[in-house]
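Both of the next two complexes hold chain A, though its partner changes from chain B to chain C.
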Partner chain A sequence: MDKVPATKSAKQTSSKEKSNKEKFREISVAEFFAKNKELAGFANPTRALYQTVRELVENSLDATDTHLILPEIVIRIVNRPELSGSNGSEQRFTVIVEDNGIGVPPTVMANAFGRVLFSSKYVIRQTRGMYGLGVKAAVLYGQATAGQPLKVVSATKGSSYSYMKELFIDMKKNEPRIVSEGQWRRRGSWHGTRVAITLMGDWRRAKNRILEYIKRTAIIAPYAEIIFETPDGEIYYFPRLTRKLPRPPREAKPHPHGIDLEHFKIIIKESKAKTLLELLVQEFQSVGEKTARAFLKKIGVNPNLNPKKLLRKENEELLRSIVDEMKKFEGFKPPRSDYLSPLGEDLIKLGLKRLFEPEWVEAVTRPPRAFEGNPFIVEIGMAYGGKIPPMNEPLLLRYANKIPLLYEEKEDISWKVLSSINWKLYLINFPAPLVVLVHIASTKVPYKGVGKESISEIPELEQEIKNGIQEVARRLRAYISRKMKEAETLRRITTLAKYIPEIARSLAILSKPPEKWSLPSPDEEKLIMDKMAELIATRVPTARGSDGKTQTIKAIRSIVESARTE
Partner chain B sequence: MDKVPATKSAKQTSSKEKSNKEKFREISVAEFFAKNKELAGFANPTRALYQTVRELVENSLDATDTHLILPEIVIRIVNRPELSGSNGSEQRFTVIVEDNGIGVPPTVMANAFGRVLFSSKYVIRQTRGMYGLGVKAAVLYGQATAGQPLKVVSATKGSSYSYMKELFIDMKKNEPRIVSEGQWRRRGSWHGTRVAITLMGDWRRAKNRILEYIKRTAIIAPYAEIIFETPDGEIYYFPRLTRKLPRPPREAKPHPHGIDLEHFKIIIKESKAKTLLELLVQEFQSVGEKTARAFLKKIGVNPNLNPKKLLRKENEELLRSIVDEMKKFEGFKPPRSDYLSPLGEDLIKLGLKRLFEPEWVEAVTRPPRAFEGNPFIVEIGMAYGGKIPPMNEPLLLRYANKIPLLYEEKEDISWKVLSSINWKLYLINFPAPLVVLVHIASTKVPYKGVGKESISEIPELEQEIKNGIQEVARRLRAYISRKMKEAETLRRITTLAKYIPEIARSLAILSKPPEKWSLPSPDEEKLIMDKMAELIATRVPTARGSDGKTQTIKAIRSIVESARTE
Partner chain C sequence: MSGIPLDKVDLEARKRAAKILHEKFRKILEDILSGKAPKLEIPKRTLANTIFDKERGILVLGEQKLEREFLDMGEARRFMQTLLMASIIYQALIENEYPTIRDLYYRGKHTIIYKDPSGRTRQENTWDEQAESDSVIRDIEVFTGLLREDMLILSKEKGKVVGNLKIRSGGDVIDLSKMGHGAYSIESTPDLIDFIDWDAEFVLVVEKDAVFQQLHRVGFWRKYKAILITGAGQPDRATRRFVRRLNEELKLPVYILTDSDPYGFYIYSVYKVGSIQLSYESERLATPSAKFLGVSMTDIFGWGRKKPYLTETERRNYIIKATDADIKRAKELMKYSWFRSPGWQRELKIFLEKKAKLEIEALASKGLKFLAFKYIPEKIETGDWIE
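After this line comes the complex of A and B, so read on.
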């Protein structure tokens, strides 16, 4: 090794740098997403309009139901011809979403809307937003295509004032550039947030997706009131169907199975724990003192070790082996799923009934499971028949942390599972009127991209979705099987009933001694026929309970009647 | 509006902030990708090992062929049992990739490998890397799962020294933390870069994908020499098949069709142009003075306007309308495609031949097109028959800017187009032995995610892929049609040839005057038969040229022979 003074080499290389012509530079994360709009779902004016609605609605829901507020959300898309091209080809719209949520404190308002990767979502909690990116990507898209600032008005619960800011994102610096602001005494008791973003959009093409998105949001949040006003002046109103809110999600500590070296080092650095034992108990979920002791004993590490010592170079191997063992140790309780917020079977059934008016609907909330230390719950809803039109494959409704996913269905884990199901086992032959809803609730939804449209193939997730679909499908099979038996029975009864008048008459005659044989009176005959109809009806399996029995008797009687008068 | 002093409101809200419990904070872009590893393709140890190889190989190719250097790339994956779990379940590997490229200047080395979004790829140029993210994501994954630093050695072309650095990425600050460094006099004339990253991996599961990746890279870069040493000690050697390099890509200015408001504002700010006319000519590609004048005249804007004035608030509307019109004006020449670097038909055919040994191979480089100001070229290769096994659908090989894409095939634009083709029109009935290669070269590849696995559905791109596939498929149809005719003809000949001995004998007899009628001698008979075989052969269409004719004659003779001896 032939060392040279650093200064000399630096000089030498600076001339080389020019000759190889590669220009290195750093860009801000705002510039990154401004230049690669498609990564966050803003590939074109159609997707951009859809994505903007989505991101704002999801923020509104996070600001309401997560905090036990019954959501009231007003969505408006307003045409802005004065900002549009002369021949109307480059159309601009303002998307306005107002909610009655907890509001954004004025001290963080500018950053929350004007700084990429500034967010309240960087904790372990089930939220719709995950990346701290969506609304800012919409702002970046808006300022690049319409040149207008974002406008936000917000009042936190209990504050005496409402605050307003208009801002751009300084793309090079990734920071908000405020163009106007104000504050005023709050009107009435309103709290919440109202955001307006102006952007180039293609309403004509985006319309169906946006409507579908809002509809599917209403299915899964029947406790919300949603009003949507389109640029054409149409108003869609989704009334609240229930005041029952799902239990809100709670913030959790990391689970030892989900830890990596880097994360563990940060925990050690930031913790006040004096011993490794304390560290495990204080900084992790699902680790009690007893479990922590058992774990440390198993791997032969002193519980009283000062955790800061693990950061030393000579303890590198020990640290790595502790993390390796933590990820495998089966003595820890599973991740806390009681911090998750599933929808519950009732809400799912309610939503499916409202939208599809099916003849049969069922739902299941599966028991919690975990992948890499992240707890998750899979929920499956299924609707069949009624007003659902027969389709060549099941209609799949995908949800993750209570948001509908519309794009990129074919690459989603739920689609993969759904298409592996052999529906014939469940007595379904396509075309069939079948809707399947899959909801995944987790502190970490493993999306494939920041646009949040499809979910990666995590084996644990796949298994649970499969279990859930099979569970509900078995109930559907039972229902269909009953229906089929009923139909079969009805066929038999029809055959049988035709002979009832004949048999009834014979019975009426035979039930008397031979010397009294004579044609029965019509009353007599009717009595016997009714008895027989009832007798048959009690032997018939029915899917409709006691009401079904009455109907069966009625059906038999009408068959008998027509046979008699033939 | 009821204004209050700012200080008072700030106090007020800080107490509210606590009560609503939302903890806002900013994270660095390094922390973002460390926490959302799956976004960059590092979802699990299998994908991570594959992705690490990919990112390093792609950097190596960008450092060589882009600069007219014939690539020599050595890839090694080394098992690291000493860093692995006691029972070997948590395996660590070191991925080492060495190239003979232009090298990384020592002044930027630390940032190039240790700072997310620091890169030389943020220019308008066709490169494999695009995001300035891949290798850094590998480093982040490596330090989180194996706790080891990245190690890089590099010497730029012509430098007297080699430089070495070992570093981690400080996740919180997004900056390199150097743990050791050195420099020494360069050995021989070597220049290039050697990078080693240690990470948790699953070689058993990743093996096939990694091999496939390297194989497909070799198909499309037959001018490269690639050596791959596996952890099992196997060595795969892909020799150089040609010294012909594709023309290198060049850096371009932005095209007016690809501009947005934000981008235009930055250009105005940074340009030294004194007039709007100058600005258009100097800062954009495909805009000459004449075109610029025509454009400004059409939209009625003074060419001598000082562009800086456009940044004023009162000119907001003017600025927006200029950008709107720029995107639509058809007088600009199309984006410069001569700055792109397609593979060329020869290289594609060479690659397909090497890998599949087909009976037929063709390729086409389509004329350049553009989307949103980005020029692109689509190239299609097709191979048929030979050693390709019959499959139920075509085998699709996807490439973008000369890198193979292996995952997420079903959501890729190329798959969408391919599955829309009606192959029966091209005389192909599946199962069939058909391979289709699609290569997209562009200054901007619209990937769906930063993991660079699938490409978005851009209409212009879709149309070109379709045109290309149809063009080559028509040639394939011509070939198959010839083959089918040949087969049909052979069938006819077979029928015909059976009668040749009979006819030949008759002819031999009849060609003499009746008084000389007698059985011909065997020589006479043979002569006539040969003549007839030749006669038939000249009438037969053949796919194999003059060689085909000889073979046809031979075939007829053998049929005749067997008919004669029957």
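After this line comes the complex of A and C, so read on.
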């Protein structure tokens, strides 16, 4: 704190001085995010309610499907009138999310929920969470707007107890302040986590987004069972459609292309490797002994060098050049992608089918690629027609590591790619009933912000998204063109076939000679009708192959049989 | 109808028409049964395919034909309509009926209800307007070479005739000089009429029914031994055929009296050479030797040494100003090859110059006796007509 000046005149001068003098102090990361709520997606009560649901649901899914557990997730938003302002404008809600996941060990529970930047996901592995911030940002917002602590109950898979904690975050110190805790014998075999956060929210405005978010989560995770209870007492139930889980992600070592100086130093410090060669082989992915030798030979560094020596001051130059060369060296295999967890074509199609009931759906999982040493896989799904309403542009569903992204659509790389597609080439004229799903799976998703709403324009990513969309769009074109041809055939057949009964009757009459006149019998008419059906089937070109003619005759017959005159 | 005994002429006509229809359309069925795409080859009824045959002085159809193929998406409906209409006409012939074109329209008009491949129920009328079914009848006429009269199809009777002429029709003998103030309606099937006895020197056809009545009451035809006819405006086919038969079989000259305007001129040409729309029937309906008696432009305004029939004052009172439509029509007529004669070019030129027209009634107003006993006989006598 500044000293208060004693005299009046001094006071006057000091206020001038004050404006010239910068004041310095340090704040904790908790305080930082408490002050800059919008950075984490908590800009206003509407966004905050939405973001809270998101953070909790994503943690729950990370605690289940990543560990091969079929997710069962219950989401409830409860109105808290007793905490709300008298005029009803500033409403408070409690968001409760319960899962059947792996649970949080009691020892880390307080930190996991009460210390900003504390996470189990700071490893090279494809998970929804990655910053160690999500749930804490919600707690910070909650305690600032509703003054209520977070409450968490959790049981890990093996443990015989369930643990409960209620806590605030001490903003200054960035550490949990526990207000109550408890533990009890686990009931049955339940394991999982139940988190409750109370905050100021605007349900009326957030409702559609939250519903949309849950729906899109159900699209991408059709193996999950999701129940959502709204403050209005409505219940949305998304049953599980399949028991097939995507292969779980696995933790990988860093890839040499993705390394930087500081990162390399930490690796050297923590490694038990005796030689540089050993270090490269043990601590990095995609580096075998042969490759490592070739690399060191190329840059002229002794493979038997003790890596710890590189940390010495005099070797700083050498260390930097090794890192630079590592990033450039072409001999390393690309980062391993088999540790990624793409959804797979079947699950994407299943999810799209359930929500849109389209007439056509296709999906593709593209081959893995990498940017800056991070492997990634792009997946594209497309649904067309059916119950999808025609729209002026394709409906884009964006996902990253299985998280639906709803906000900041126009800033997203997928949007950029999608708007560059010339749909006319694929026989689509808008308004059209078209949904495009883009999923990016990576050990590092290049979000534009920690709110995880849009993805940056990485050229490798952009190219892959484009390739994927084009690949599926080509299949869509084939489908549409076949359909158009079939429709054209049917239209032609119908144009002709509807006249068959009338013509057959007329010809039957005209073919009776005047001298021996009698009204023709139904059999005579039938014979002419059959011949005409056959004639149309032979002469009108069909889109289908060899079974085309029989199909056509069938279609003609059914038109003829349905025809009557009045 | 089948219980009533029909006369022989009628039965013969039916047999002939039915046979032709049967032969023509049986071929279509044969094509279908042998897997060939069925088609009707029909001469085109368009202005481009209408030719003025100078030698015979009539309009005829040219060589152009259209192929109406069932498998052609654009023609399928018309193909169906043609067969439907043919079968109705055929059945009516066999069952001794006399349908009118309106009857044919109603008999064939029904709704086809069917389910399209998507299962939706749709419906379509075989035809909607009578214009559509009438046009199909015309197609059948050119396709079979049978006129509707040949197929015993009746149309509204418009034409009237009186004069010293006895005919037999439907077994009755009728004396056309004993019609009182009325007249004999020219029946739809004039070919079934027999001329038994006559005492006449020419045929006078007047465009307008009112003028016909006036001339009839004033005793014009008796005095000049004429057969007096009106088609009441644009003549129907029966009237034209009747006039043609009088000319051809009784060898009577035919004079035609119309309004003095392009519309009247065209009516004259319909009697004489045929109409564009129905040029296919000219061979049997047109009377190439028919003469335009008046009212001509030179009758009104005079020409060279010819004095006008109207005085200056009368002209002022009776003449009507031509409309834009009249002028446009006159310009079209000037281009038709059957209006190329010097007489007609002169008429049309005067018309375009004076932009004036005159109704025949005006001459009757000047005095019915003037019209009946001066104007008409004088013009015939002096050969003051146009061809």
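Observations on the structure shown:
Just so we're on the same page, the second predicted complex is superposed on the first by the 476 of 566 C-alpha atoms of A that agree within 3 Å, B and C clash if a C-alpha of one lies under 4 Å from a C-alpha of the other, contacts with A are read in each partner's own complex, and residues count from 1 in each chain.
Throughout what follows, a contact is a pair of C-beta atoms (placed from the backbone, for glycine too) under 8 Å apart; a residue touches a chain by one contact, two chains touch by 3 or more.
From a predicted model like this one, the values you see are computed outputs, not experimental measurements.
Contact with chain B, but none with chain C, is seen for A:His263 once the two complexes are overlaid on the shared chain. Residue contacts after overlaying the shared chain place A:Pro513 against chain C, while chain B stays out of touching range. Put chain B and chain C next to each other and count what each touches on chain A; the higher total goes to B. With both structures placed on the common chain, the touch criterion links A:Pro334 to neither chain B nor chain C.
In the superposition on chain A, no contact is made by A:Pro303 with either chain B or chain C.
After overlaying the two complexes on the shared chain, residue contacts for A:Pro248 are found with neither chain B nor chain C. Applying the stated contact rule after C-alpha superposition, one finds that A:Ser562 touches chain C and leaves chain B untouched. In the superposed model, A:Tyr499 lies in contact with chain C only, and not with chain B. In the superposed model, A:Gly103 makes contact with chain B only, not with chain C.
Per the touch definition, chain C reaches chain A in the complex via residues 15, 18-19, 21-22, 25-26, 28-29, 32-33, 35, 37, 70-71, 73, 76-77, 79-80, 83-84, 86-87, 90-91, 93-94, 110-117, 121-122, 124, 126.
Contacts from chain A toward chain C in the complex involve residues 490, 492-499, 501-503, 505-507, 509-514, 517, 527-528, 531-532, 534-536, 538-540, 555, 558-560, 562-566.
Contact residues of chain B toward chain A in the complex are 1-4, 9-10, 12-14, 16-17, 19-20, 22-29, 32, 34-36, 38-39, 43, 67, 83, 85-86, 89-90, 102-103, 105-108, 111-112, 115, 117-120, 122-123, 131-132, 140, 143-147, 156-161, 163, 171-172, 182-185, 260-263, 266, 316, 319-321, 324-325, 327-328, 408, 410-411, 446-450, 456.
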